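As written, the chain order gives the labels A, B, C and D, with residue 1 at the start of each chain.
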Amino acid sequence: MILILKPGTEESEIEPIRKAFEARGLIIQEIKGEATRMIGLAGDTSKLTEDDAMIFPCVDRIMRVSEPYKLASRKFHPTDSVFEIAGRKIGGGEFAVIAGPCSVESEEQVVSIAELVKESGADFLRGGAFKPRTSPYAFKGLGLDGLELLDLARKKTGLPIVTEIMSPEYLDIFAEKVDIIQIGARNMQNFTLLRQVGELKKPVLLKRGMSSTIEELLMSAEYVMSGGATQVILCERGIRTFETSTRNTLDLSAIPVLHTKSHLPVVIDPSHSTGYAHLVVPMSLAAAACGADGLEIEVHNNPEKALCDGAQSIRPAVFDDLMKKLTKVREAIK
Amino acid sequence: MILILKPGTEESEIEPIRKAFEARGLIIQEIKGEATRMIGLAGDTSKLTEDDAMIFPCVDRIMRVSEPYKLASRKFHPTDSVFEIAGRKIGGGEFAVIAGPCSVESEEQVVSIAELVKESGADFLRGGAFKPRTSPYAFKGLGLDGLELLDLARKKTGLPIVTEIMSPEYLDIFAEKVDIIQIGARNMQNFTLLRQVGELKKPVLLKRGMSSTIEELLMSAEYVMSGGATQVILCERGIRTFETSTRNTLDLSAIPVLHTKSHLPVVIDPSHSTGYAHLVVPMSLAAAACGADGLEIEVHNNPEKALCDGAQSIRPAVFDDLMKKLTKVREAIK
Amino acid sequence: MILILKPGTEESEIEPIRKAFEARGLIIQEIKGEATRMIGLAGDTSKLTEDDAMIFPCVDRIMRVSEPYKLASRKFHPTDSVFEIAGRKIGGGEFAVIAGPCSVESEEQVVSIAELVKESGADFLRGGAFKPRTSPYAFKGLGLDGLELLDLARKKTGLPIVTEIMSPEYLDIFAEKVDIIQIGARNMQNFTLLRQVGELKKPVLLKRGMSSTIEELLMSAEYVMSGGATQVILCERGIRTFETSTRNTLDLSAIPVLHTKSHLPVVIDPSHSTGYAHLVVPMSLAAAACGADGLEIEVHNNPEKALCDGAQSIRPAVFDDLMKKLTKVREAIK
Amino acid sequence: MILILKPGTEESEIEPIRKAFEARGLIIQEIKGEATRMIGLAGDTSKLTEDDAMIFPCVDRIMRVSEPYKLASRKFHPTDSVFEIAGRKIGGGEFAVIAGPCSVESEEQVVSIAELVKESGADFLRGGAFKPRTSPYAFKGLGLDGLELLDLARKKTGLPIVTEIMSPEYLDIFAEKVDIIQIGARNMQNFTLLRQVGELKKPVLLKRGMSSTIEELLMSAEYVMSGGATQVILCERGIRTFETSTRNTLDLSAIPVLHTKSHLPVVIDPSHSTGYAHLVVPMSLAAAACGADGLEIEVHNNPEKALCDGAQSIRPAVFDDLMKKLTKVREAIK
């Protein structure tokens, strides 16, 4: 971290800075320019916050050289993390596909889709029991009943389940019934929830917020991990831009960037990011080609009758074909 | 709402659409172009969601003509809402200023700031007890102790208090102790919390999410109001753009736009939006000049020692001068 | 196009609208809702502008159903365009790679890079003679001398050349010496230049502006084509977002979206979009996997000594390896 | 400027850096951390570009401490610039209003509007002769005839004129006939044009690009000034964001930010930025309240018949009322 001092800062104002940071085990170095005077802090600055520096009246602004996270950082964990979850592996060359309906609607629906995606090679079953909806008048999911249906589908197919938590009141039941707890884009900075889910020490799928930077995503992963969880999967699901022909703009360069900065696996959600079924296959293949560790895809056997987001769900036959192409693309880039 | 049909849609596919929407009391009209066929739905479409239309296989996409909210809409409440909260008024020409420290740090700090801002004419005291912080290693506020200190400051100064709720576990104590419950930008789409806070039927200050559209802000207000609350104050606090010289980009045109679409009061947060103390005064005056119903401003008697966000807090003397200028600007635009 | 009328519009105000658009061969249909009255215009509305409708006092706003371009639209040209340029093909399954240095620096430099990329299988040589630079104090390219060096490299290697035009004063020499004239992102809405380049009737590579929508890119292609050019190649090179870990955010979903809306070939620039050499290979492979018709890549034999943008150039050996992987990925998605 | 070196950089690699920058009169200082090694460059770094540092193989990335512009910077020109143009003053407390139609349509139109806005107190007449339009099929202005009509309006009213140049072919006639040459948002990074206009040494109104940062705007001003012009007026006209209820998002905080960084006057365009006539008055008042040096406003005596952008033009009576309120607001903030 570099502290840029205000013009006219006196030596006496710098002394307390020196003391404070030396007391934290950091090495202090100065750069004196003609116009600007700076202080460099060297050592482990990952737990230093901006406030720690801005508290000194003579500090004008700061520039970070190292990143403000540690548990999620590749610097402190140089090899790829590979997680084994309910017998499936993800990360470091192990590719996992999470598939299923946007929302759980009925036993028949979720079980039949689960069977189909399993047959095509999916590793995990996704399905929304609690659905975040922008309108208070829209279908919000079956809630706990939906969770029961997912549990049933797991028993019938053996597929471990991934579903989103929206409120701390259900922490216990999620801990008991859910294999990977999903934290949605809109809750990526619900810091209380991040911490509480982390304390469950279960696998977590953390979605990037619609306007969150890659660094903020890693800070939120750090929150979850600071609670005790170690198996955090990062998920890029599109960011908000001025472009209107897709629901969001899928930021695929986040994959190699995250792989540089972090050891955690990275999956892509081509369904919510684009908002259109016909974009799911090309964007899934592109994600695999630039090194994604997995995908989370909406599959519905009757998209036109889906109670939510049908327009972005692909049919089982399309999914089956996609799985074959994914294998070929992953082979091609080896 | 207009439904644009897929090319080659047959008459038989349109019949179920006609029936479904007529059953909801809507009037159905068709437009047949050479290339495109459309169905117009007229009547009260405010509770119609996109899903209601996209469920039909022949619908390609939809276009909204009316807005998807009702309780928050000016269309159904043509005059400005004026709220009376703990003896203060806001909305429809009544201007209210909420001021205080970013976070509550000690009795001495919060009481002395409260006294100073009251003297300058502030209507409400703000202060964070629970603070959302991007780093798990940063100061997160005093929590319930902070709430007690705010309560104390209220007793000493008579200023009603505004503070942010971050988790449903504190709903009861907020209902008891807080005059206006703030929902922060990062929780604007924490739909569970919106509903739960709405059910308290207390005044709510709802901050716009960093990447939320004006329509989404109004949808979130609709969520709170659908829970039972009627006194919802909307707060613009900067949106995320590519610009880096300010923390966020303050969208002041949101004030007249929100006034056109909604009857709810609109306040501006010039502190968090800009991130810099020297921008607070000019942006506050600009907000008043384009019709804001109030401001939420961070004031600290010792910004350099503030435990968070000191760089964006103004001093009491600057606040005092600002209050005088605000009166003049509001006079000027009458 | 749908015209939404102001509340209280009288029949007499609608009559002139009816007449005006019927005179242009359009069919007029009305939708009368309880609150909103609309007029639908059917027929060929591709040359209709917003002004044509907003000119009528009773029109509140308009909604487009069809796109406002024609020559670039797939609707009027359903099959993929395949261009043959100096013996190379691009579009409709024909994949072309444009490679070379950011800027032309010397005969030795450009010729040796041209020879290397040719050997690896590149189809075209790129190289900047005129360089757009944000600072007036930065190296702006060799200008006409650079053009001569490109011409020399073409003669020595047989590779056709792609280079950017920045000013109309060089139209003649570009017409004579350049195989594909590039219009840079910053000039995507330099409408005078678009038209003038279009009138040369030469192949054009049109880069998407940093904050341009996909529709605006197609409107700019329409400008070039309305001048007479038919061979316009669209290039996505990253859009500007709040994310700072890459120079821009590469919008790969633009590939399938553009293929849906237009018959023109789409190439990706992984160098300028990401800004980092280590992201060029993964993003190139991803582009190929989601259907790009080609790539434009910066290759430099000595990136550390490059006079501009060295940090984003890959070395010839990396390029050679990438070309092999690209073939495999393209095979995989067939 | 701070150069952050790659891990494992050897002393021998640093020597050439030291030599190169010492030769340019800069002072070199090192910071050695445990993990990161940096070099600080002190002295006048305003003409240093990123390339100058990235050229060294051991440099990983750079961080700027000082801004990369000089002529436009307040650091080298601490007092506000006040320009006197055709007898009117702008900057440093002198407020100027530029008003007139979006495009020049006829003698009757431009002269009558000029007379009306003059009467209300406008200082300059604006009017488009050459209009940038996204569609090649839209009205593009009267061209040279439009320039003649502006000249006529100036003769009749005495109002100096402001109009946009779109192509270098008209440099001479603009030099002769136009008082302030406007460079539009879409040409803000048309670097050739910037330089050429700068060489005319006439007053220039430079509009911020739709997705340009404040620093880029100042770099473009630096381009114009490096050509020789000294009277450059900066104009904020809205930036592109995800928000769709306004055409662009007007960034009013750019006013105090630009005033901190530069000595040049700052005007606001409330018409193009918002896109709606009913937002022009509130945003104009807000601009004045936060310190704008002027406004550029579209006024049309018959907005419904305007050949372009009528929806954002205000009527003369509204303008007249606005001028009175502006005086009061400016008085209020003194």
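Quick note on the criterion: contacts are C-beta pairs under 8 Å (C-beta built on N, C-alpha and C of every residue); 3 or more make two chains touch, one makes a residue touch a chain.
As the structure is a prediction and not an experimental result, all values here were calculated from the model.
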Smallest count of steps, each to a touching chain, taking chain A to chain C: 1
Relative to chain D, chain with the most remote C-alpha centre: A
Distance from chain D to chain C - Cα centre to Cα centre, in angstrom: 27
Inter-chain centre distance, chain A versus chain D - centres from mean C-alpha coordinates, in Å: 40
Intercentroid distance (Cα basis), chain D paired with chain B, Å: 32
Interface hub residues of chain D, defined as touching at least two other chains: 211, 240-242, 244
Chain C partner contacts - residues on chain D that touch it in the complex: 47, 49, 51, 54-57, 68-69, 132-140, 166-169, 186-187, 189-193, 195, 209-211, 216, 219-220, 222-223, 226, 240, 304-311
Of all residues in chain C, those that touch chain A in their complex: 211, 213-215, 239, 241-246, 249-253, 255-257, 260-261, 273-274, 278-279, 282-283, 285-291, 325, 328-329, 331-333
Of chain D, residues touching chain A in the complex: 2, 4, 27, 29, 31-36, 38, 40-44, 63, 65-66, 75, 240-242, 244
